[in-house]
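The letters A, B, C and D name the chains in turn, as written, and every chain counts its residues from 1.
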Amino acid sequence: MLKRFSVSIDKLLIEQFDSFIKKNKFANRSQAIGHLVREALVGLEWEDNKEVAGALTLVYDHHKRDLVKQLLGIQHDFTNNIISSQHVHLDHKNCLEIIVVKGKAKQIRELLNRLKSIKGLKHIALTATTTGAQI
Amino acid sequence: MLKRFSVSIDKLLIEQFDSFIKKNKFANRSQAIGHLVREALVGLEWEDNKEVAGALTLVYDHHKRDLVKQLLGIQHDFTNNIISSQHVHLDHKNCLEIIVVKGKAKQIRELLNRLKSIKGLKHIALTATTTGAQI
Amino acid sequence: MLKRFSVSIDKLLIEQFDSFIKKNKFANRSQAIGHLVREALVGLEWEDNKEVAGALTLVYDHHKRDLVKQLLGIQHDFTNNIISSQHVHLDHKNCLEIIVVKGKAKQIRELLNRLKSIKGLKHIALTATTTGAQI
Amino acid sequence: MLKRFSVSIDKLLIEQFDSFIKKNKFANRSQAIGHLVREALVGLEWEDNKEVAGALTLVYDHHKRDLVKQLLGIQHDFTNNIISSQHVHLDHKNCLEIIVVKGKAKQIRELLNRLKSIKGLKHIALTATTTGAQI
């Protein structure tokens, strides 16, 4: 349900904001402000250790001995946080795997830390997003 | 194939680095240095508009009119860059979708910009990673 | 000069936003929205290579041979971009120096790159801000 | 005092790293590795709430009523953390001020939060660096 309220900001700032809106193809000021507010709130959910969602993106060479075994082993310690995963064969040796996670922000970071030290991992990144339940 | 070389850094710095290694559970200095070097190189691949891989994570309310239609429409303009996607039903109304992408860094950013302005989107994030081909 | 306009966003989102406002001690929604909008616009000024302001923060051991000489030499190639600098003696050997810069975003980044490779530098960071002229 | 140790990393990775070194004008692998290690350690000092140094960069219109008074008032609650400040007149109305800070990371963040809500502030940014004492 939408709710309307009024905002007063500097005239010059509004002009610049309207260019920003046009550049980013937002439909109007409300959509753009909604976007900025949500960005800020997602950040806060992670800071405040709220229930969040996220994605762990890993790139690795699947020939590395024990890598896949370690990767699965660690995931099984976090079954409450792992929803599903997606696997892409990038080339003959490289794999990209994305693990969708949900839970307290701290637990998700702990899972990241556990995975980070797997031998043979080329890159790992955590994407912080929201469950959408509150925002 | 591993190659060995020697490094000289400040004694005090090494001590601090060894604590960092322990805290992050890296097996040894070589693994930790490999990790830091790869992080820097992934950043460079994106800056230099190289062939990269990535993930676009979206959270949205699937009841929003036309959202799913728009989402599919835009993706079909980038079929060369989109490898696959994964969909999670977070709750009755919220969806989390992760699109795995590959291609020139600039094209991936353009896709992000196109998706960002979809009406009803709650959050979108781009995860920058590597194809692993060069690193 | 302030200008008033109205915004429609989701009721639930407003509630969360009001908590964010309270937590951050903003006076009201207008101030908080102004803050978020300015943050976005500062980012855009840097992306679009506009006239920007910034700060380069360096920490170094002043005993390192030639460091101070190199530091001054590079700065003299960027006299158009450097406004002033501030020097703090952190302890017997460590110095913190902050160089205030102004100019096109790309030139500022070039200065950062030149300084980064000075031998003996412990840390360097670029703070991106605005001249305030447009926002 | 320098200390030497040997590192084994992938041959292909070393080649890419050598391009990175050349591009960034680092003198050699040791300097580049020292740079990456220090970056990681500075991050850790802030995460672990260690004694750190930093800079708070503010841009504001000095005509805004009470702004300067508020700015000074808050700083006087943090005299133990504030070392010095530098002020630049960007144009007729805009000021850039950089406050050099030192102390526990959490206290510095608290000071940032206090300053963030000052009415009339255009932008504020915190630069996280190190006292250099441990690295």
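A few notes on this one:
In this section, a residue touches a chain if its C-beta (ideal position, glycine included) is under 8 Å from a C-beta of that chain, and two chains touch if they have at least 3 such contacts.
Keep in mind the model is a prediction, meaning the values are calculated, not measured.
Taking the definition of touch as given, a chain qualifies here only if it contacts chain C and chain D alike; none does.
Centre-to-centre separation of chain B and chain C, using mean CA positions: 25 Å. Residues of chain C in contact with two or more other chains: 38-39, 135. The touch graph of the protein chains shown is a ring with every node of degree two.
Those chain pairs judged to touch are A-B, A-C, B-D, C-D. Interface residues of chain C, counted against chain A in their complex, comprise 1-14, 16-17, 20, 23, 29-30, 33-34, 36-41, 44, 134-135.
The residues of chain A lying in touch with chain B in their complex are 24-27, 31, 35, 38-39, 42, 53-55, 57, 59-61, 83-86, 88, 90-91, 93-94, 96, 98, 100, 102, 113-114, 116-117, 119, 121-123, 125, 127-133, 135.
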